[in-house]
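Both complexes shown next keep subunit A, but they swap its partner, so subunit B is in the first and subunit C is in the second.
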Partner chain A sequence: MSIVKNLITPAATVIAVFILLLFLVNKESHSADPNQFNRLMAPPSKRNPPPTEDGIHDGPGASMLQTPKSAFGTLPKSKSGNYIDWVKALDEKKIQPRYDRNDPEVQPIVMDLNIVHEVKGSMPNVVYPHKQHTEWLDCSNCHPAIFVPQKGANNITMASILLGEKCGVCHGKVAFPVSECRRCHSQKKKQSAGAKAAAK
Partner chain B sequence: MKKYDENVVLAIVLLLSMVLVAVDLLTTRDAHAEYGDVVINKYSEAAGMRPVVFPHWFHRVRFRCKVCHADLGFKFEAGGNEINMLKIIDGEYCGACHDGDLAWSVENCDLCHSGAPGTPTQVHESTLQKLVAPTGGKATE
Partner chain C sequence: MVSTLRSVLIALLLFAAVGGSVHAASEKPGSVYNKVKFLDWLVHSSPVSVRIEKSDDEEAKQQLKRAREMWEQASEHSEKEEFELAEVHISEGLKLMTKVSRKFKDQDRVKQARIDLYKQVKGHVEMFVVVFDRIADEKGGDHIRKMLDREKIDSLMATAEEQYADGDLAMANHLMRQAADMVDHALSNARHEEVLLRELSFESLEEEYAYEVQRNESYVMIIDMLQKKKTAKSQASASFVQKMIDANAKMRQQADAAAEKGDFEEGIALLEKSTDKLSRALRVSGASF
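Here is the complex of A and B:
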């Protein structure tokens, strides 16, 4: 009995020290590398993760779900979000999402009306296109709850968009993220009166 | 020093290191889910089920936003809809499609209730989530 005890104690000590060392080395490895890239950003290898590795899935169902990469293969790419340009995917008929739950033949009611918002400062003007939106959405999805249907009647700012209001209700959550500035800020500014005067 | 003292000290050291390692492993497990995945966990875990994970990318390949957000009345807010199993089997919300006809039916609990335990209701990879916690939300709080 005492022999066993005498063996267990040192063995356990060794194990305990080993685990502590492992912990310390592990801590070291994710804090000490001064050359680390992607400290605050997901590296390309972690984009479109399979459900089993994305940190939010668990259990027997997770491994049965489709991986985004296996579905996205042929779709046009973008720089953020799902890394898919959904507007192009639809235009090129790479995807044919239904407009009616049951009837694949029903066509969307598309409205082609651009609303231009002039932006103070250096950023290009914002062109809000009804066309790309009504491909996906119903008028009632935006009017009147998110936007009063009247040009300039909505006080839209970048700050509110970043907080998830106005355009940010969808952009930065499901539709392309706010990081793709130029898709919204797409109209080059006309030379301002002041600049013209200065040029003369 | 008496024998049992040593054992107690040892037990504490062992336990402590295990706890440290466990905490370390859990807290460094960042979630970096697919953009637009919504975890719905208003009632699931309280009722002993895993949280629900709804993948936007998978559904928007097949349906326009209008189908769910206008026709079926899903509000644009994670957790903003009072969804439960009774409504689903009566053909509301997910049940409008997951009826064994248009899409597989409700008996496949694990396909919807596939969330990691402890994951709160939220839409993943959103601007706000990334501004607050740049590497994405934690899998465990």
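Here is the complex of A and C:
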């Protein structure tokens, strides 16, 4: 009888520990909704998961992809999003993405045009730089489906961006999140003569 | 006592064993197993393998058979933990499948993708030609118009349409892309290093009130998002944020009441103040201002 007891106790412990470990190993860390807005604002432990756990990649090839942690090691850092400064990475030629999948010689047609949007309140005005966007994207990625290329034709509000429309189609999903206010609200407002006098 | 010690020991050994295998799986052997699994899918159940099997192409069938043999051998080697040999067979299998899959493209899918692309690029050209004309009118100079060779664009588009109608979608796309690049270049030159200002102007107080409501609601949404992420650094910060949210809610009600009575001026003034309270809450919530 005591032999049976001696066998049962460790066996029960082993099973319990095994179940616990299986639970820990198999626990999914990725979001159920890959398009969940601002998923890039993840806490450090959940940042840049491997492709099989990021909720974006699927299919049998996902496990063969390089993990972000190994790919991002040498890239310039930023303080938000996936913690890589992609604009700087491109400027410094740390990455050289092909503009055309089939032709390594094709270069992007860069548009060096800034659009400044005035806003009310204490926030600085918004500066939209075409240059940094067209170094990476084609015009048709944004026009006309997201932005109509005509003055006054786009009602851009923070609410729409937060709901994943307009800039929010990318920002907060695959580009830096909207919690980085100053990245876009970057142009100080000119003080009116009255305000200057009051400040003195 | 003895049984407890034995239990702890077994648990530790098991932990080490499972932990070790988890660790190993994340390094080279794990990646070999994943590759074997991928090759398994590729040679047995991928769409291209199904298309090859259904075809009469004996040469392709032979290549698929060879790729399956590569998978079998890779599988056997990885089970014996001969990972380098497994890698050699995986690589060979993948090469064979890549080569044979080029011959067995999903033609319907390729055709539809080309049609979709053609329509998209054509729309792009048509839209940006209009934009270019607007810029030329706005700047009022022939020097701008000269930046775009309209005759060439029209000719490229007409030829592309002919090719499209004849079913040569690859050529039609190539020509339409050329036209698109010409327009993009012209626009890029016409707007080079410019800054366009989108001024904030309202046609009525009601319109300005609507803008203020949107601004206020945006702030509420951002604070709500940050609250869910619990970004406030301390209890004191969290209660300050809540105080500002409550104050905003009260003022928002007053603003709405004023607007309902048609006093948009009062409504705007109240919303400006209440949104200001929210911006203070945002700073405390951790948004990077």
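To be clear about the criterion, the second predicted complex is superposed on the first by the 129 of 200 C-alpha atoms of A that agree within 3 Å, B and C clash if a C-alpha of one lies under 4 Å from a C-alpha of the other, contacts with A are read in each partner's own complex, and residues count from 1 in each chain.
Quick note on the criterion: a contact is a pair of C-beta atoms (placed from the backbone, for glycine too) under 8 Å apart; a residue touches a chain by one contact, two chains touch by 3 or more.
Keep in mind the model is a prediction, meaning the values are calculated, not measured.
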Under the stated touch criterion, which partner chain does A:178 make contact with: subunit B (first), subunit C (second), both, or neither? both
In the superposed arrangement, which partner chain does A:61 touch: subunit B (first), subunit C (second), both, or neither? both
Under the stated touch criterion, which partner chain does A:112 make contact with: subunit B (first), subunit C (second), both, or neither? second
Thinking of the overlay built on chain A, is A:120 touched by subunit B (first), by subunit C (second), by both, or by neither? second
Need the overlap of the two footprints on subunit A, from subunit B and from subunit C, as residue ranges. 5, 9, 13, 41, 60-61, 64, 80, 140, 162, 178
Show which residues of subunit A lie in contact with subunit B when the two form their complex. 5, 9, 12-13, 15-16, 19-20, 22-23, 26-27, 30, 40-42, 46, 48-49, 51, 54-62, 64-66, 68, 71, 80-82, 84, 86, 95, 97-102, 108, 135-138, 140-141, 162-164, 168-170, 172-174, 177-178
Subunit A partner contacts - residues on subunit B that touch it in the complex: 3, 6-7, 10, 13-14, 17-18, 20-21, 24, 28-37, 39, 50, 53, 55-58, 60-67, 69-72, 76, 96-97, 102, 108-117, 119, 123-128, 131, 134-136, 139
Subunit C - residues contacting subunit A, complex: 2-4, 6-8, 10-11, 14-15, 18, 22, 31, 34-35, 37-38, 41-42, 120-121, 123-124, 127-128, 131, 134, 181, 184-185, 187-188, 191-200, 211-212, 214-215, 217-219, 221-222, 225-226, 229, 272, 275-276, 279, 286-289
Across the complex, what residues on subunit A touch subunit C? 5-6, 9-10, 13-14, 17-18, 21, 25, 38, 41, 60-61, 63-64, 79-80, 109-123, 130, 134, 139-140, 143-144, 149-152, 157-159, 161-162, 178-182
